[in-house]
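For clarity, chains are labelled A, B and C in written order, and residue numbers in each chain start from 1.
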Amino acid sequence: MTRNAAISLTRIAVIVGGIALLEVLCRRHIINPLTLIPPSEMATSLWHLFGSQKIWDDIAQTFSTVAFSFVLSVAAGFALGALIHALPRVRRAVDPLLASYYSIPFFVFYPLLIALFGLNTVPLIVIGFIFATAAMVISTLNGLDRVPRVMTKTSRILRLSPTRAIWSVTLPAAAPYLFTGLKLALAYSFIGVIAGEFILSGGGLGYSIAYAYNDFDNQTMYALMMFVLVIAVAMNGALHVWEQRMLKKRARA
Amino acid sequence: MTQAWSGLNSRALDALVLVTLTVAIWQGLYEYAGEAAITSPLATLGYASSLVKTSSFWTHAEATLAAFAYALAISIVLGVVFGLILGFRRFAGDVAEPILVALYTIPKVTLYPLILLIFGLGVSAKVAFGVIHGVIPIILFTLNAVKNINPVLIRTSRVMRLSPWQTVSTVLTPAVMPELITGMRVGFSLTMLGVLIGEMFASQRGLGFLIINGINMHNVPMTMAVILIVVLFAIAANGLLLAFDKRMHRT
Amino acid sequence: MSAGAAVAVPQAAQAPIHARLCGVTRVFEGKLSVHALGPLDLDLARGEFFAVVGPSGCGKTTLMDLIAGLSAPTEGSITFEDKPVEGEVPDGIGAVFQEDASFPWLTVRDNIAFGLRRAGVDAAEIARRVDYVIGFMGLRDFATAYPAQLSGGMRQRVCIARTLVLQPRLILLDEPFGALDQQTRLLMGDELLRLWRETGATILLITHALDEAAMLSDRVGVMSARPGRFIDIITTGWARERDSAIVADPAFGAVTARLWSLLRSESLKAIGAKGA
């Protein structure tokens, strides 16, 4: 068996084993059923929820909010990153800010945003956007930095127009790093929106989890928590697989 | 000498421009949204300076700092220990890394109800939030620092016939230090974030609580003042750690 | 074999001048200004194979950048085919750089066709030219592979092919075989000569390997340490039909020895040592 196969199998075994252990501990009441319900119950509860309309409304709201935040942050992040890259003076000024960016607890701005925009999805989109854009900017800067100088020289020797050079050479060369930015922007948009819905909002999956918690409705709460977990893992996993396929042909041995 | 000065001056100028820009945008938002939604920069500054003179503020601040200190200590210890184990046990590390990365991208807020149910409302819940935010990046950075130890270093140590202790203390530790420091810096910020969020809805004490309370009481100036203090602290602390991080990476 | 003078030499006077540098200097401005090159004069005859050797840091790459139009001279003039070159790359020049410039996201075939596609040549012509060059450079078995799957030497061949397919009249090569082992270098040298004879292009080869310069070229320009100027230009006098077997010719040893005798003191200067 190859090492990679062994690693994957072990990983699956660890995950399955962990879930199985949790199942046993819950069923045996070693873990207080008021604290945690068995994974199998979470699954059945989720299945039932799919029958009701509420969860689909929540899914629609959360996903659309995340989508807005994601698209905006990728576009703005890339544009800003490219702009900053082209202006070295601005870059020098902004670099320390970017390095400290993720140390600022942006969630503290939530109440402010609600005061500014009202109790709707706009504050959520804004928070997701603030969270995700910086990651895209940093990834764009990184990617543009790492375009080998010889590529730029080649563009000039081939007498490409500036637009052509950027489109046909610079962007494909920077693509792996830009893709990393995409992954991070999606993850951060998701985190920002769900956290926002959880803390203060009138709809969406995050809010439903908080509501179920306040209502002592463990069945619904854990079902939704599991759903969000699975979605997050699936989303990132899918992007990861796509990225690996894209990079395979480029991978230097 | 003059070159060092002009470098410092231009950076100071850049910082000044950035601050002025931020304040200008802030003022603009204030003009747009009005007194009920946001306080002006000047008013916020005034409120904040009078706030830090009250003792009740410091009670809350101490609560936050205490919880943060516990959470950070636990994150660092757990993070470094697990990171070292997974770094040196290559197979375990390869199995665990994607799992950890996946955990990192999950919205941790989804785990909050679980944490609350386990720890109840209060300090331990706050500390737990801080830890679940901060421990994973420290593990990952430590793991990668160990993985990236250049095999040449180990071969050189063996040729020089160093004892295992000497190898670890004089060769390996300095080799991994820069990455470890970066991991701790990232863990620092995330732990603080976790503690603050925990206070925002699981506590009656602390700066996070003050913020949420301010909103509930429609006390906008106080909310903004506390936010300003927290953000300034975050930037200052991170700035210091960044400078330290850079020094460590220079070697 | 004769030791050439600092400018054009009898043999070159029979062929028209392809590129000319007159009193060219290049100074890089910055915190400290660096006088990288010159003043220097050079007449490149059409169809000749000219090599440039010199100690590291003497400005060989700068020289190539100037001729190609990738940067502009601080003083002096550069002309290519009787038209001035000023920081713009003229039509008809191709370049192969030291570092691997193959595009990792394209197959070998797409890499080679890249320049033609951007220039708007029609598809049938592109296919014809690309196929010819792939055959010429021995890449037929690798046409659908990606550069990452090839060795360093193969990747350089792809870069050369990509340049060739555009049918340049002047080909600049900046230590193209620098990253390769000696045996591969010798083989690539033979290929370069074959390419030169078939295309009739003018070739300027920058190399740090004295034997390579001595073996491949019609003339070798020896540069001084920074700021680089030509100390001497040596004519090898080889026949057009030549290959690496020339190493057996006693004249080859004499040329190489002459190059080293000129370069030794300059190289010592470049590494900051005293004495010549």
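The rule is simple: contacts are C-beta pairs under 8 Å (C-beta built on N, C-alpha and C of every residue); 3 or more make two chains touch, one makes a residue touch a chain.
What you see is a predicted model; the values in this text were computed from it and never measured.
Of all chains displayed, A has the C-alpha centre closest to the centre of the whole protein C-alpha set. The highest number of C-beta contact pairs joins the chains A-B. Centroid analysis (C-alpha atoms only) places C farthest from chain A. Taking each chain's centre as the average of its CA atoms, chain A and chain C sit 49 Å apart. We define each chain's centre as the mean of its Cα atoms; on that basis chain B and chain C are separated by 53 Å.
Each chain gets a centre from the mean of its Cα atoms; for chain A and chain B, those two points are 19 Å apart. Shown for chain A are the residues that touch two or more other chains, of which there are none. Shown for chain C are the residues that touch two or more other chains, of which there are none.
On chain C, the positions that touch chain A within their shared complex are 68, 70, 89, 91, 93-95, 97-101, 103-105, 114-115, 118, 146, 148-149, 166.
In the complex of the two chains, the chain A residues touching chain B come out as 6-7, 10-11, 14-15, 34-36, 89, 92-94, 96-97, 99-100, 102-105, 107-109, 111-112, 114-116, 187, 190-191, 194-195, 198-199, 206, 209-210, 212-213, 221, 225, 228-229, 232-233, 236-237. Those residues of chain B whose C-beta lies close enough to touch chain A in the complex are 10-11, 14-15, 17-18, 29, 33, 36-38, 91, 94-96, 98-99, 102, 105-114, 116-118, 186, 188-190, 192-193, 196-197, 200-201, 208, 211-212, 214-215, 220, 223-224, 227, 230-231, 234-235, 237-239, 242.
Contacts from chain A toward chain C in the complex involve residues 148-151, 153-154, 156-160, 164, 168-169, 172-173, 175, 249-253.
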